[in-house]
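The structure under discussion appears below in the form of structure tokens.
As written, the chains take the letters A, B, C, D, E and F, and residue 1 is the first residue of each chain.
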Amino acid sequence: MNAGDTVFVLLSAALVMFMTPGLALFYGGLVRNKNVLGTIMQSFILLGLITLEWVMIGYSMSFGPDIGGIIGNLDWFALSGVGMEPSESYGTTIPHLAFMIFQCMFAIITPALITGAFAERIKFSAFILFSLLWAILVYNPLCHWAWGGGWMGKMGALDFAGGTVVHISSGAAAFIAALVTGKRKGFGITQYIPHNLPMAITGAALLWFGWFGFNAGSALSCSGLAANAFVVTHISASAAALAWVSAEWIHSGKPTTLGAASGAVAGLVAITPACGYVGPVSAIIIGLVAGALCFCGVMLKSRFGYDDSLDVVGIHGLGGIWGALATGLFASVAINPAGANGLFFGNPGQLWIQFISVIGTIAFSFFMTFIILKVVDLIIGLRVSIEDEERGLDISLHNETGYN
Amino acid sequence: MKKLEVIIKSFKLDDVKEGLSAIGIKGLTVSEVKGFGRQRGHKEIYRGAEYQVDFVPKIKLEVVMETELVNEAVKVILDKATTGQIGDGKIFILPVDEVIRIRTGEKGKNAI
Amino acid sequence: MKKLEVIIKSFKLDDVKEGLSAIGIKGLTVSEVKGFGRQRGHKEIYRGAEYQVDFVPKIKLEVVMETELVNEAVKVILDKATTGQIGDGKIFILPVDEVIRIRTGEKGKNAI
Amino acid sequence: MKKLEVIIKSFKLDDVKEGLSAIGIKGLTVSEVKGFGRQRGHKEIYRGAEYQVDFVPKIKLEVVMETELVNEAVKVILDKATTGQIGDGKIFILPVDEVIRIRTGEKGKNAI
Amino acid sequence: MNAGDTVFVLLSAALVMFMTPGLALFYGGLVRNKNVLGTIMQSFILLGLITLEWVMIGYSMSFGPDIGGIIGNLDWFALSGVGMEPSESYGTTIPHLAFMIFQCMFAIITPALITGAFAERIKFSAFILFSLLWAILVYNPLCHWAWGGGWMGKMGALDFAGGTVVHISSGAAAFIAALVTGKRKGFGITQYIPHNLPMAITGAALLWFGWFGFNAGSALSCSGLAANAFVVTHISASAAALAWVSAEWIHSGKPTTLGAASGAVAGLVAITPACGYVGPVSAIIIGLVAGALCFCGVMLKSRFGYDDSLDVVGIHGLGGIWGALATGLFASVAINPAGANGLFFGNPGQLWIQFISVIGTIAFSFFMTFIILKVVDLIIGLRVSIEDEERGLDISLHNETGYN
Amino acid sequence: MNAGDTVFVLLSAALVMFMTPGLALFYGGLVRNKNVLGTIMQSFILLGLITLEWVMIGYSMSFGPDIGGIIGNLDWFALSGVGMEPSESYGTTIPHLAFMIFQCMFAIITPALITGAFAERIKFSAFILFSLLWAILVYNPLCHWAWGGGWMGKMGALDFAGGTVVHISSGAAAFIAALVTGKRKGFGITQYIPHNLPMAITGAALLWFGWFGFNAGSALSCSGLAANAFVVTHISASAAALAWVSAEWIHSGKPTTLGAASGAVAGLVAITPACGYVGPVSAIIIGLVAGALCFCGVMLKSRFGYDDSLDVVGIHGLGGIWGALATGLFASVAINPAGANGLFFGNPGQLWIQFISVIGTIAFSFFMTFIILKVVDLIIGLRVSIEDEERGLDISLHNETGYN
């Protein structure tokens, strides 16, 4: 066991934990005043809910002994056998508990990302049930597929820190969720302008800060590879922020702060699967494309007329897909001998593998999310009443108001 | 005595205030309001989502003055607050029965 | 000309605005206020501490219109803003001497 | 019926409200405004930078009442809101044509 | 000396330092608009005040050479002899200065916690004098008793990261302070609704984040034990947030964001003394009980009619007591061989020892806090004038307003 | 390579990165409502802009092979040769990439500091061009002089974490920038009161938190020296916060929260060059003087009648100069054998060296900043139109408003 590596993973876990409140602020700032608490709550409460789910069964389903490449069994129920000694397979220089809690933070933020799609209109009870089912039935299997000994990892798909597991899965779920939940009252007429942009930008900054833990921490030991992951993460975020802002500048003459923040997030999303396999120059390209692409995705949204309120599809979905494919383009064994080369380094096969993993993730997340939403709608009903929606979630669901 | 309720564009506040001071207006009260008028109703796109602009932030001034001052005040306001573009705002003139200064209890003209 | 000052529940704003637009009201001004009325005075408990609810957030509309329109406007507001529960609000009707459109300097009916 | 528009110092709100309740005022509406009056115009220094204090935060009360109540209400307000220092505020009395309670449609005195 | 351990303790110290601004936001969001700065200031200025006190005498009083199990002597006045080499007794793999500064952050936040009890009504000068005296006369001795070679530690009381020293001591002081300071003007009538809940929740998130340093850092070396402390900290916070929110849901039908935040803090408080001695399953129970218990404590407050404005007693007092006793129930030498077993692991004696330490801490804090408050009241007067209270502390004490 | 040191530098880099959003909040809270986003944007976008500049040429110019003590050559263009192995000269126990990214964060925040001088009135396009030129023509050379093998370092000037490179350089640039840009509309009449002090104080707290990475991280390995740097950083911030607040209390009877925050920043600035060379008692003195001095500087500003809107000169300029000179007074080889003794430890020559480095930095920054501003003014024009200034930068430049 290595003290340096242990510090690294534990403090990375703390950083990733911090991303969920960061997301709460990012999303909370983007909704209207009357929904700020309801929105923040949806992220915050997942810290509680998913932690318990993960500790009880989620970790075992994701990383426990493999059943047919599909799912882990429940041998590690309630963390039995997960202790202070290193595990045999994951992070062999750090306590098994450290690996477990680091992964826990990923399991929390993933369903939290989805909440941007049905913001400002969903029942809290429905949200709780949805998130719990989604974590169990979508996140845990996907996590197992990519990292827990499942088919995707075995196939050779590269996903260093969660491009498919976290971003594509939540982006795809967001798409379905926006469709099934339906539009907010007044869609196309009412001005859904962010009520507090400094709050949203603060949230984005927290995300950026925490993402260092997310990506570099995924190296699980503090080596040159971790440094590389850290560096390319920062570079991609920077390049994407610039690209988004430049695109806005060209498009409308007005570069916006929300654009800078969204761009940064898009760049962070895109580099996530790639960060352990690509170098700085590739990261610049990945980031620039991510910023421009996600900007276009968001701007074209109105064409399709569905209400993905906070652009989860446009940023996490699109950005995640680009990142997973970019890994198949730019990956290089010069960066990570344990990885593979991508198309630009002479191995077109990797791009195909990445493509399969993208399609597999999207298809699985689409299908399962749809079923879960329909079940929740049947049992509880997804949406608040029209009157509650008008009064806002804060007062109608939580009996609080953000500002007094 | 009359009360002028004046709706103007926010960034015209300082100019209008200076103008009114210059003609001897000693007090006024300002509040932030949202206006719905001709300026509304057009569609805008924000981050790819369309919406209708209904309410525009405006400043409301309330000034109570002697009736004789009204014409001059209106002139000053028209002078200072006009940009010529839609949404410049309105002046409403209302009758006032009485004014009392709280500090002294004075009434009428002296209290304005 | 008359000015209607209307106090309503916040979430009724959109409905009332639509209603008034429909009968030809071209402009109005909205502000956030706190109301103290029959709705107040009951005790509530917040996190184990008791307090009295005195002020409730409300929306205030100000609309100036020709006198002939007033009855219809009142009808529309009653129709749209009533929930039947305490705190629905009030309509106050005040006389207005004159209206001026700042952009053009127009006065009277044309300026409304 | 009359409408009193009262500008007071913010921290006097509770006292004035109690006083008006005590004489039977059943409702009022409160908003936050910025006042420009005698209290303005002096120079202050903030972190080494000079500026002129023009607008001071104030509270505006709007109370509609029967004409008979006005004198008593004014007395109460003068009593509760005076500190004797500049900036205590003003009372403006305006005529009101009609009052309507939205919940019931009642008009006139009953609606106040 | 070990670089990994040193990073761990230094960065943990940074995290704990961050908790004080976190507390400033938590408390600042809960008061009324007109007192936001006064409240924030009370936490922020303690960073300055207590740091100097600690460096000059506090550290020596707390951890310096023991005098009769009661207090440290002043041999380490102004950090003389506290240098870059490890100390002989504390954190033997890290620079002595690192241990000193880590502990400094604890000394700062403890009096800051008390400020919630007399929020919105105390003079700044009185507050400064009170806090300084309290740090010297209450915190330093208690810290010495538990960790500096004093009687409590010798007796075998287990307090891994500050259940008695930090939470019970401040909770007890808060109770007395609320009584002696008296109620806010308008208590029972005026609506003391939080003026900015997103700010309060951000503060709670910072607390949660920093608490990883607080608890895991207390292991002083980055081992399996630190990983365990980290994990149970996160679990307990999660469980308690869920428990509080569920209790609210059952009680009034409206789960609140402030409930989620308060629950998390309650869970963090309760696990603090236990985190180095209990495993994950125990942490779930400790957290669930903490959330439910503190919820009840806060709800029953009105019965007693004292004005503990921001619920320091209900959360830190009650939560701290529960945590100290729970340590006597759930502690296990399987987790920490340097600890002891609790009641549920066959050693009822430990519960008794914990009980003594709780009673001792409460009694001492009650008594000393009372004296100090009376002295300060005599010299300076505790409360601002009624007019200043009405205008708010921001403008009357600090000549500033929060928002313009 | 050492895992502990690598964690330390990477996480320190994350902390320093976090300071830029911290600065965005600090500055953003201090401007008027209508300029909050424009101000935040100026910091945030530099994360993007300077990162790319640094990766492409900045790092090579600053730390690449020396040309005559003046500048680095472009051998490391686009990080060629900067990889996962340690460099030969910088941070020999950590990956070269880790050192590079740590330094990148310094390069970002330095031009961000200047933005306080021309807040609320500069064109975004002009700002972008100015910042890019300034980074290339001022920051990179200065960085090379002090740390990259340039003349200042060779001369023996001590600057542990950036007193000259970061603070004096930006403070001097701020002075020129305030003069050249001119006063805000209404200067001397309009009330430029901070629109959101809790935001500003949150920003200051983030700065304090991040500064631990800034200063201690500059040790590049997690040793006793890092612990010392950490400790004196905290002490100086504390002492300066107290000093500023006390000065205010004496001066006007009203200690302010903004004073506490400004004092803390002043103390952090002043200890920056000294933190690797002075001990805790010296740090108290350095901090107390910094707080009092910068308070006076800010209060005397009105005498000179230039509009350094957010007091960059008074805090970073003055504080930086004091810190650099204080290093020449209090430095001691007992703390750092690789350093030198200062005047108070028997070596008056060091004070002279420090003095030269201060003068050199100021002169260079003055001269270059002036030229750059004039060029930018010629090409683009520095200021927004008077109407845009009245409407505020948020709506006129970015088509957004902070709060809705």
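Assume a contact is a pair of C-beta atoms (placed from the backbone, for glycine too) under 8 Å apart; a residue touches a chain by one contact, two chains touch by 3 or more.
Given the structure is predicted, the values throughout are model-derived calculations rather than measurements.
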item	value
Those chains which touch chain E and also touch chain C	A, D
Chains touching both chain B and chain E, listed by label	A, C, D, F
Chain whose Cα centroid lies at the greatest distance from that of chain F	C
Which listed pair, D-E, D-F or A-C, duplicates the contacts of C-E in over half of its pairs	D-F
D-E compared against D-F, more contacting pairs	D-F
Centroid comparison with chain B (C-alpha atoms), farthest chain	E
Centre-of-Cα separation between chain C and chain B, whole angstrom	19
Averaged-CA centre spacing for the pair chain F and chain C, given as whole angstrom	52
Separation of mean Cα positions, chain B and chain A [Å, integer]	49
Chain A: positions in contact with at least two other chains	2-5, 7, 11, 190, 193, 196, 258
Two or more partner chains touched - positions in chain D	31, 54-55, 94-95
Chain pairs that touch, as defined at the top of this document	A-B, A-C, A-E, A-F, B-C, B-D, B-F, C-D, C-E, D-E, D-F, E-F
Residues on chain A engaged by chain B in the complex (per definition of touch)	188-193, 258, 298-302, 307, 311, 314
Touching residues (chain side chain E, partner chain D) in the complex	186, 190, 387, 390-392
Contact footprint of chain B on chain D as seen in their complex	2, 5-8, 31-38, 54-55, 58, 60, 74, 77-78, 81-95
Contacting residues of chain B [partner chain F, same complex]	10-11, 14
In the complex, chain A residues that touch chain F	2-5, 7-8, 11, 15, 32-33, 193-198, 201-202, 205-206, 208-209, 212-213, 216, 221-228, 230-231, 234-235, 237-239, 241-242, 245, 252, 254-258, 260-261, 263-264, 279-281, 284
